[in-house]
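In order of appearance the chains are A, B, C and D, and numbering begins at 1 in each one.
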Amino acid sequence: MIFEVACRVTYEVDFPSTLILSMHVHDGASQKVLEEHFATDPPLLQSETIVDGTGDRLQRLQTGTCPRFTASYRARVDCDFEIVRNQGLSQTPIANLDTEALGYLFPSRYCESDRVAKLAWDLFGHLQKPHDRVAAICDWIHANVTYTRGSTDSSTSASQTVVQRAGVCRDFAHLGIALCRALNIPARYFTGYAYQLDPPDFHACFECLIGGRWCIYDATRMAHPNGLVRIATGVDASETAVASIFGSVRGGPLEVSCQPAPGENFVPLPPGAQWTVGVSSSDDN
Amino acid sequence: MIFEVACRVTYEVDFPSTLILSMHVHDGASQKVLEEHFATDPPLLQSETIVDGTGDRLQRLQTGTCPRFTASYRARVDCDFEIVRNQGLSQTPIANLDTEALGYLFPSRYCESDRVAKLAWDLFGHLQKPHDRVAAICDWIHANVTYTRGSTDSSTSASQTVVQRAGVCRDFAHLGIALCRALNIPARYFTGYAYQLDPPDFHACFECLIGGRWCIYDATRMAHPNGLVRIATGVDASETAVASIFGSVRGGPLEVSCQPAPGENFVPLPPGAQWTVGVSSSDDN
Amino acid sequence: MIFEVACRVTYEVDFPSTLILSMHVHDGASQKVLEEHFATDPPLLQSETIVDGTGDRLQRLQTGTCPRFTASYRARVDCDFEIVRNQGLSQTPIANLDTEALGYLFPSRYCESDRVAKLAWDLFGHLQKPHDRVAAICDWIHANVTYTRGSTDSSTSASQTVVQRAGVCRDFAHLGIALCRALNIPARYFTGYAYQLDPPDFHACFECLIGGRWCIYDATRMAHPNGLVRIATGVDASETAVASIFGSVRGGPLEVSCQPAPGENFVPLPPGAQWTVGVSSSDDN
Amino acid sequence: MIFEVACRVTYEVDFPSTLILSMHVHDGASQKVLEEHFATDPPLLQSETIVDGTGDRLQRLQTGTCPRFTASYRARVDCDFEIVRNQGLSQTPIANLDTEALGYLFPSRYCESDRVAKLAWDLFGHLQKPHDRVAAICDWIHANVTYTRGSTDSSTSASQTVVQRAGVCRDFAHLGIALCRALNIPARYFTGYAYQLDPPDFHACFECLIGGRWCIYDATRMAHPNGLVRIATGVDASETAVASIFGSVRGGPLEVSCQPAPGENFVPLPPGAQWTVGVSSSDDN
């Protein structure tokens, strides 16, 4: 399925700063970039694409003395996510995880799996299969946390969401990750473009390593599972911010779009936890 | 300088569990393992050495049904840390950092650099050179945080230490890292054996990437800078625990030692922030 | 029903300090002190009984240069708590509460009712009658929080207990209070002696103002509702510590006992939320 | 000195709710109300003035089905605060405090004096006299916390302000109170009208009980010490909110004014910690 994605945002710069933008779609075995274009207006003297440890691509910009610029990106990308019914997938023993996967078992800034460990085992420990646990986690988050725009900020973490019971997609993902890690299921943050997200924005959800595959879960139930285009994955939002800013820069409103390419016959699957999108980790991080 | 290190700890196992031990010394360009020995008593059926992304070596054990075992490790290791007077080293622009180093700029579970950003800039922003900033951070931590055994636990993070003003080496390191990252200086957690640490234990301090080198800082001023033998580095203690336990296992008291090899003429440098130990990141992560 | 209560504790004093002990039983309309005795060994020069705003009695001691002393208290007290089946009691409108009762609607140090407001309304807002809400709160706490000695400390508050799901009687009470206040039910902390508490200790639970009466609830289900002897009530444990210490004093282990007086025919009611003990607030604070 | 104060705010009501407004000025020995007027437009069926334990007056309103109303208040008040140079005042021993004053030594929702105890003793413990300590606390807060509109919200507490180092008058007051209580100085929250506050708003500062008097301190240095008209005091903002809302009501922008009465020759003292306003607690709570 070919998607066309685009985003656009204007930044106000107080003094020469560095930005690392995460808006390029992932380019890998199961998601191939057919064409893409990134530009700033006005052009910045220094702008380069760098690749992180999971193969995600970041755009590093030096603002120089430019006081204000607009970054825009668009891409055509062929997504070949496999829809898996995960009920049968078994948990990979920790004995068999590679060190990269082990890194997604530890607590991180926004996913304090250590703090929510008892909650995780109390609520989900009776379930045996990893998919059943993650699906139950998503159901629980969906039932207990209210999606409320503006209810949280960039410092909100999973343990706070347990108390506040409100948040946005970022918070839903962080809580899901924290609960999964507490149950020894490797889990990572996923950011991407999402088909018909309302209102249009980047989306965040999470992936779990089950049966040797990174499977996508979305506790918000806002995105169609086959309508996601991956930008990046990381331990949590700390690594995958739309813009990591070193200096003093303020971003304006985001314009984001994600549509099937003309001529594609896209049948969106209903949002929810029952379907999951599996991406083989063997060839695609 | 050749050191002989050893450690020993007994674990009680409630049910079959996985442990990942971090007690093997790092083996790299500036620290070469001459010989080493790891064993458990009784021997476990599954025990393997794995290597993480920074080249550190971990021991992964499957307890099986063994209810209690002792892990012991000893090594002879040739440390070739270079003592650097860092005053002249300049900060590497973020524009020039590779993606691995960028990963040490983000907040992590125990180092919420986002929360302490204003503190960092208020107190240290007026200093220009990176070493001056880090040395001032170490001085400030040493002056304001009291080393108090038992004052914190495994959930304590840097922002809590700012309030409580008491902690152990782990907390001193986390706060140092958080403040450095807030100032856009890549910083990572360092665990190791330390010469004449009193009482004997593993030690934790932190490294900053300055002038292209990872330089060690120790805000506790408890270790001799040329008497450290690296075990591992990571974003914080979440990645580098002596034992990461998946299951239910309780560790007993640690026995740890670190001595110059017989015949070595070791002149310990005085603890403190003025000297730093530089390790080239180019050949040794 | 006449109870005999006693307690005894030894304090180590580092330098001249003030202690305010809360171990005298409450003396009021529904609980009358028949006889009591308080002493320190050795005797302290300054020791006086003071009365706080809710009629509870505190013992204020000046240690002077005494390095170590034992405080002991015993009393015979006639408790006339009325056992009420609260199903029929209605919530007092806030419009009718006096200012003293209003003070028990606000968040306090350990009962952050503001932080748990959404939790309270999500889980208990569908219930109509105040007793049904409080009983459901007690059931929920009992089902979701595990009584675990040593799991918390004197800084633990209700919002932390929501995340950690473990605590002691103090934490159970704080969480109950926070949830009640969030639902606009005045709630206060209750400390007392408890019949056959195992192991023997002071007990903490909480009272709600329902239908014009302060009714006792105990989410731990550890105490017999008709086996409680009130020491004090307050906004939370901050006001009703066994010993509020101004200076540097360390308390040893507590010896506490609570028994029916010889000859009394005491039939303990089973612990649980279904019965509640009502104390008229009109004549007894 | 006679002041004329006024305020006005419009509330949107979602369903029948109770509001307790704290905008009436305190009426007591050292601050006498000459005339005042409170009204709502449209008039509400139930509106009454109630008096709390410290003699402050609150206005309790039942919205009934009124969807929107404006509350307005104005008063002429004769303030007879005594300006004291506090250097000579001595700390009242805890042995001599009455139980009401003792209540201002404990931690509260927004003033976790227990958490900041080491900070308080580290920074201010070397000073001997209570006024010197409180003045140093105000200086320290003023130097280390930046007044930043919008940087905090209604859940922010003193320990968070230690880390964030930004806040508004409420946060400055809470931190001052927490530090004073940690040093065993009774401290309470003070809300009032303030002459020429820019922008016009209610003001918050704090009072300490020194030498038998409640003395006002303002770490923000935004108010003239002789230009304050007291509304209420309490353990912290939890008790003294402009509007305590039980139900669902949203307040619009506040209009607040505070001016000397025509004909008064008011000489504002410069803001700062060096002067303090003493109010005898003996006759005026």
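The rule is simple: a residue touches a chain if its C-beta (ideal position, glycine included) is under 8 Å from a C-beta of that chain, and two chains touch if they have at least 3 such contacts.
All figures in this text were calculated on a predicted structure; none of them were measured in a lab.
Visitor: Between subunit A and subunit D, which partner chains are common?
Guide: Common neighbours, subunit A/subunit D: B, C.
Visitor: Can you give the whole-Å distance between the Cα centres of subunit A and subunit B?
Guide: Using C-alpha averages as centres, the distance is 30 Å.
Visitor: Please compute the C-alpha centroid of subunit A, do the same for subunit C, then give the distance between them in whole Å.
Guide: The separation of the two C-alpha centroids amounts to 47 Å.
Visitor: In whole angstrom, how far does the Cα centroid of subunit B sit from the Cα centroid of subunit C?
Guide: Subunit B and subunit C have C-alpha centres separated by 45 Å.
Visitor: In subunit A, which residues are in touch with two or more of the other chains?
Guide: 115
Visitor: Hey, which chains are touching each other here?
Guide: Touch list across chains, by label: A-B, A-C, B-D, C-D.
Visitor: Touching subunit A in the complex: which residues of subunit B?
Guide: Those residues of subunit B that touch subunit A are 18, 20, 46, 50-53, 58, 60, 62, 93-95, 98-100, 102-103, 105-109, 112, 114-115, 154-155, 184, 238-239, 244, 246.
Visitor: If you look only at subunit B, which of its residues touch subunit D in the complex?
Guide: 115-116, 118-119, 122, 144, 146, 159, 162-166
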